[in-house]
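Multiple structures follow.
Heads up, the next two complexes both have chain A, just with different partners, chain B and then chain C.
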Partner chain A sequence: MIPFATRRLFNLFALLIALISTLFAFQAYSTTLSRSQYLSGWFLLAVIVFLAAYNVQKKLPFLPMGSSAVWLQFHIYVGWFTFFLFMIHVEFRVPNGFLESSLALLYLAVALSGVLGLWISKGYPQRIARHDRQQLNFQDGIMINANVEIAKIEGRKLGEELIFERIPVYIREVRENAEVLVVRSGEESKSSSIADFYSDRLHDYFSGPRNFWLHNMESSRPLDSLIHEVVVLLRYISEKEQTILVELSELIRVKNQLDYCHALQAMLKWWLFFHVPLTYCLLILAAIHVVVVYAFSGGAQ
Partner chain B sequence: MIFRLQRYGFDQSKYDRPNRKWVCGWAQDGKSCPVGPDSKGNCIAGHECIPIKNRDRWACSRAKEFGGKCSAGPLPDGTCCNAIPRCQPALSIRAKRGAVAKWASFFVLGLVLMFSAGPSGPNFISPGELTSYHQTATQSCENCHSDFRGGPVKWMRAAFVSTRSPQGESRLCLSCHIFGGSGGSPHSLSEKKLIRITQSIKAKGVVDSPSMGMGLADLLSLNGKRGPEGFVACATCHREHRGRNASLAALNHLRCQSCHAVRFTSFEGDHPEFSNFPHDRRTRLVFDHSRHLNKHFSGKMKNLAPKSCKNCHLPDASGALMTVRSFETTCASCHEGQIFGKGSAGEKGIPFIALPGLDAESLLGAKIDIGHWPQDAEREDLPPFTRFLLSGDPKFQKAAASLKDADLLDLSKANLAVKSAAGEFAWAIKKLVFDLAVNGQKALKARLKKLLGRRLSEAEFSRLSGQIPAGALRLSQKKWFPGLSSELSLRKEGGKPGTKKKELGDKEVDSKEGEPEDLPSAEDISVAGGWYLQDFSVYYRPSGHGDRFLQTWMDVVAGTDASRGNVKVLFSALSDRKAIGYCAKCHSIDRTGGKTQRVNWRARRPVSRAKKFNRFRHSPHFSLLGEKGCLSCHRINAKADYLKGFKGDDPTTFSSNFLPIAKNVCAACHTSGGASNSCLTCHNYHIGKVIPALTSARMRASEISQ
Partner chain C sequence: MAQTPIIIQRPQRWDEPFGLDMTDADVAWVLTKPPFDEIDASKFPSKSSLRDIIKNDTRVMRYSDGEIIVREGDYGNSAFLILAGTAFVVLDGIDIEILGRQKSKQKSLFQSIKQLWSNSSVAEFHDVTKLGKSPGTRIRGEGADTRVFLQDVPVLMERHQTVTLEEGTMFGEIAALGRTPRTATVVAQGDCVLLEIRWQGLRDIRRRAEELRKYVDRLYRERSLMVQLMATPAFSNLSEEEIKIVADNTLFETYGEFDWHSSYKAMAKKSASERFEVEPLIAEEGNYADGLIMIRAGFARVTERVDFGQRTINYIGRGGVFGLNEIAHNFRFENKVFLQSSLRALGYIDVLRVPTAIIEKYVLPNYPESKYPSRIVPRGSEQSAWTGDPSGQEIATGVMEFLADNRYINGTSTMIIDIERCTRCDDCIRACAGTHDNNPRFIRHGKRFQNFIVANACMHCVDPVCMIGCPTGAIHRKSHEGQVVINDATCIGCAACANSCPYDNIRMTTIRDTNGAFILAQSTNVPVTKATKCDLCVDQLGGPACERACPHDALRRLDMRETDKLVAWINR
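Now for the complex of A and B:
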């Protein structure tokens, strides 16, 4: 298998060659009396259709159209190439017609969403893997005072690659486990401290994916806040309750990890909610643009 | 306590199918049913399992991944005891994305249809604002786009079916911007002329050295077929809808060379050397700079010499052309007297009507009756004007042809045929004199109309007549032929007017009878020009520079077919460099057609709306001139035989007073990094006369008054 760095270097080189060749070809074409915008327009449209065909390839995996990985590579680099073609087509100026401006904005929206998607697709899986290895950030003093081996849960890995569609199932499982612990604390300690804490602070937390944007921003505040409250509560409860609360805190951490995975994996899927629909809109407007251009070409050659 | 959330055993977790359109409604709650919705999104869940009957007992068949066999087991009737609560199936993420894409597409399509079909449709599809020039002129899209009127249906058709003429929409442009008959052809030149130019350029053997881009275009066959027969649509170069302040003339100047037989990469590089620039013809006014500077402006004339070029040349209003200042400012101090004939030894006026001397005695001897003929008339031949006015008379023409080699003053040795011709000749002249005396300018107009073969406007005839006074004509007749009226009547009736011998001598009418003997001649006192009668001639003396009589006669005769009547003779006489008035001394004469010519009354001057291939503005370059001034570029060619170029009437055969300007003079500044080196800096694409479109709206007094 070709290493990623080598592959990227090769692809970038191929992209550079394509850009230079295209630039020279259009430079040559611009010295003729033909309208180079017609050529660049059709070329751009053809390339955009090719990029959009990646979606078709995904829907028709049984057709011998090459692997999705190869298509993705083409999609990324040809996508960069379209931006260059787009600039040639608009002749490096801002379009000033309503239809043309809309088309240009739509193209830029598609391109930017693609760049965003590329950034998410490349960076988020690494973030998920990296986050999985992160340690909880307890303060040493608090841990000593708590007189419990909270340190045991430090550095513990979740160690799993979670399927996005199953995360609600896992959240449910974690919630059910947490509820078992809460019931047990009441039975064993005859105290409602943990139950009260659960109903006040944890019930909503465990009931579904939470802190979507904070996790996307790589914030540890949701977990730190809850753990801090757990640590504070540890001082005032019995040893039995402390043991249960430590177990509960681990479930809090697991849930936090599930939320993190959910937030990032959702982003991995949801950026396409912009990219794909905008692409279809772009193709429709481009088709209308072609009709308008040819209908009112004004005798251009 | 370590949670292992993900279970991978085949019987430990559900087999997910995220590519299905519908998912269980409980999935978001983490407890999807084992069955899931059908393909249409209907919940088909019933129970957690379908119990299996084993002999007479029902056994639970719930799968391990859903908890395995339940403790309660099936009901006695074989129904699962765990009924699944029904759900509202939800779309999978992929299906949601598809739905968003679909609705977004419909939304965009709807918006486009709504906008384009609505009243703001033109604004919606317009690719941008028009330039300010076209903002008000084109109030509707259909003014420039013929297919606009049909609406979206016709737009679609126009986009796919070509129904336009080869000229396309350019004909709409050309309805306002008129470039003549070849408006759409390259450079507005005819195909024939373009082929000729191309052939002449190729004949020079200049090497075609296209730029890298052009070479690549050739290689890729992107250039297409471009030739003199092609039609260049206006939109090829002029791009509209680029904003109010956009330049319609902005274009890549390399495109200019797309059609050219010889291409080059840059002006300062391999642009062909100038050939004879800026002289493409001889000057319209004959002025030998070299001789004036070296010869005429010396000695006592030195003080009259101009101090610098600007004494005679000033830029026009646009700063483009260096025009020649007026005659009064420049030449008059030395040459004005010549026009009036000052210092001239011969006649100072042009004989308009004149009597030639005639040997009437010999004619009388041969019994040829010419009536009275003044014996003192001594002119050897008819002056050109008189001959021209008589040339409409066939008898005169015939007689004049017979008298070609005859000596009219001595016909004693001539044969009878010549004498007879001389008689007809004399009567033709007498009839002319009588006609002019009786009918004056009316007779002159009738004769000119017949001779020129066209109608004369009142203004033109006024100038041609020089407002010749009737009194002068009648006085001349009275003095020259006192009994002319009765002579002509008798001749008409077949009688003999009677050329009596005694009338030939003693009783000759003295033209100066009754006048004091010491009076100066009429010519001497007509110092301001105009008509005067002297001896046996009616003269016209030029009234100064720009004399309308002479100028009009020269124009009319030059523009008349030279084969007509005695036009050629008259024009030759008037256009002689030393002819009275000296018009042709300075005003060159060009051949314009097969048999017509044109007198250049003015030096080159800007022609409104007429464009040539080359353009140059003098004014911006003045600040670059050093001590040499104009001579920095216009260097005098002392060896040139300037005047030789004016011997014929072909303006393109000439020898300039100045050396051609070399390309490097311009290329010193006009480089890619310096002043512009674009083709359009020095060349016009549209050449010839650009005619503004004029409105054909009818005038209605009632509407105008409102």
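Now for the complex of A and C:
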């Protein structure tokens, strides 16, 4: 089994060889006085079609077309290679004209979304796993705190991770538990402090996934601010209410954990909704570009 | 506030007898039949008398002409004794479709591509025209009482080599005691009455009835032991005569609970020390190595003493050996050593013990120098629980404990997911669905250790307890030690396999027609269910789709017996 570090080094080396070879090839081709933009354009288009074919490979799992992991490695490194080809094609200048500029911008958008996706795909799973670990404490071999609460709510086994599609269900259950606590606080203490706090600050918080961008930026502000308000409120309420509010604060933590997982897992899924449609737009615009180039080339090659 | 404990009667061994209809008259009748009429009942303790064993661990089964009693390749936990009538055993194999199984058919390239448009848009769509069809057979009864019978017995007997089993013959005992696949198919010849003895009863009778024990041991020595010894690398240099001497001196031992799958989940929740207490000790660290131990069936945990506990350093399964290093060391060197580790049964285990004297006389003198175990340097008496940096070329102790405690060591294609690489893209699920008529056959979650999870996907176990008790033979292996698959056409939805699976990897699904409506059973008018699970894409080109579909190298199907591959994958 090839270690990841070795594979990465090999791929980078192969990329470097490909870049140098291509540069020399185009240099040699330019000595023939042919317009190298035609060659680079077709080459670039072919490579982009190859990159887009990865999506087709994913749609045909029943065909022995090689493993998706190998395809992804090609996709990543050939993707870097296209940027070099693109620069050769535009002759290292800023394109002019509406169609050319649009095409260049679209290419850059696809490339950047790909780079962003790569960064997300490499970093986010580790963040989710690390966050899960940070939530776990061990006491006599049993995990406690937020994860136990989540596990209780969703009836899953301890140590199992959250499935994205089930998160809204878990959130609803957390909200129902919170509402039970709020009603109990009113009945037991004859005070509306917790109910008011809930309706002002927590009702929206428990209504669905929240703080998407803050969690993506690894900010602890959403949780800190609510916990701070809980701490302040604890000073002014009765002992019975304090017990209930402490229980409520546990649910706030649970919800925060759910929000965090939702935000990161959503980002892991949703970046492709930019990358893939933009790729198809790029292919369509590239086809128009080819037609226009040949229509106005006047036979020049 | 202290809660009042619930008081119940302590569960007893025979709370659930094997046969509910076993009457005293039946027991009395069975006791008049051989070999029971020759067994000395006084050798049995009063708490588990021979009569009690017959009443609770056996049942009288009546078969009609042509009904299949056991199938070749099935796993079973019981043996049979013919009380009246005859049966015949098919010696040269029988068409697997007659046994209720599917023929291996890998899809062609066109059939593979066709899945692109032919996959059903309805969840769990099943073609009703193909259900319940098994050529040459018919089904009687329902649920667990279902019997499959051959339509044309004379033709089958004409075409195959068969041997008639007469009244008083016992069969199926080796498979029952050793948890090995049945080696032949047995069919009722005319109406016959059989006594089915579950393994616990057979074990107890064998223990106290010398004649029966000798009979079973002789059968095993004749049929299986020689072959197993020859396949063991340690004996590869012996002649056939020497192998026979080794076989004659080999002792058979069994440890642990045969039905480990029903209690292991509860055990996994207990503390390590509590678990070790109930795991039977086969050989203890510090004792003299009195024999080479070979695993015939089941799993064992190899542990070493550290501080105040026991640390798992390895696990071994069928074919594994224990104690060879110490015996070889003592044979060659002056300074004698004792066993450097302990061997404990994980669930049920069947072992062979070849006495040290035999190993020293026949095996070690001709043992190749290159294969000789290295000299043992005994460990100090004080062992620290800290093993040092666990990141290395070996499986970390915690991982080993996790795999052994949860019995994942049973898997030959365990799905392991690295959650630090998994992007939760669900490409694996989509690929699984795409290759199974749009129905995914696993769930991407499971127990977690470090940054890995063992997903809820069929592990195609070494010891496939799911295969015990399938009344139609629908769940079967594709080949010897091959993938465990379910023949949809002959699955009757009794859920025996799903209930037996200790890992919850078999799911019962209600099946639908082309319009999405439930398919109802004619007799009961309730929806028909089928057992479904991962088949490791046995009919697809290119192998398991889930593994091929993972873009991030996060998912792998691994054989837990190959720890080196597991280590290599973890330390990529």
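The definition used in the following text is that the second predicted complex is superposed on the first by the 265 of 301 C-alpha atoms of A that agree within 3 Å, B and C clash if a C-alpha of one lies under 4 Å from a C-alpha of the other, contacts with A are read in each partner's own complex, and residues count from 1 in each chain.
Simple rule for what comes next: a residue touches a chain if its C-beta (ideal position, glycine included) is under 8 Å from a C-beta of that chain, and two chains touch if they have at least 3 such contacts.
Keep in mind that this is a model prediction, so the values were computed, not measured.
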Practice item. Kindly say whether there is room for both chain B and chain C on chain A in the superposition, answering fit or clash. Key: fit
Exercise for review: Please indicate which partner A:1 is in contact with in the superposed arrangement: first for chain B, second for chain C, both, or neither.
Suggested key: second
Practice item. With the two complexes superposed on chain A, say which partner A:171 touches: chain B (first), chain C (second), both, or neither. Key: first
Check your understanding: When the two structures are overlaid on chain A, which partner does A:33 contact: first (chain B), second (chain C), both, or neither?
Key -> first
Check your understanding: When the two structures are overlaid on chain A, which partner does A:125 contact: first (chain B), second (chain C), both, or neither?
Key -> second
**Study point:** When both partners are placed on the shared chain, which of chain B and chain C touches more of chain A
**Key:** B
Exercise for review: For A:69, decide between first (touching chain B), second (touching chain C), both and neither.
Suggested key: second
Review point. Just chain B (first), just chain C (second), both, or neither: which does A:281 touch?
Key: first
Practice item. Identify the partner contact of A:269: answer first if only chain B is touched, second if only chain C is, both if each is, neither if none is. Key: both
Exercise for review: Would you check which partner chain A:163 touches, where first means chain B only, second means chain C only, and both and neither mean what they say?
Suggested key: both
Study note, to complete from the structure: The superposition places the nearest Cα atoms of chain B and chain C at a distance, in Å, of 6
Study note, to complete from the structure: chain A contact set shared between chain B and chain C covers 156, 160-161, 163-164, 269, 272
Check your understanding: Taking the complex as given, what residues does chain C use to touch chain A?
Key -> 107, 109, 112-113, 115-116, 271, 419-425, 427, 430-432, 434-435, 444-449, 451, 453, 540-542, 545, 547-554, 565, 568-569, 571-572
Practice item. Enumerate the contact residues on chain A facing chain B in the complex. Key: 24-25, 27-35, 95-100, 156, 158, 160-166, 168-174, 177, 208, 247, 250-251, 254, 258, 269, 272-273, 276-281, 284-285, 288, 290-301
Check your understanding: Of all residues in chain A, which touch chain C in the complex?
Key -> 1-4, 58-69, 71-72, 120-121, 124-126, 128-129, 140-141, 156-157, 159-161, 163-164, 265, 268-269, 272
**Study point:** Residues of chain B defined as touching chain A within the complex
**Key:** 1-6, 13, 16, 18, 23, 27-32, 93, 96-97, 100-105, 107-109, 112, 115-116, 123-129, 141, 144-145, 147-148, 154-156, 158-160, 164, 167-170, 211-217, 220, 222-224, 226, 232-237, 240-243, 252, 254-255, 257-259
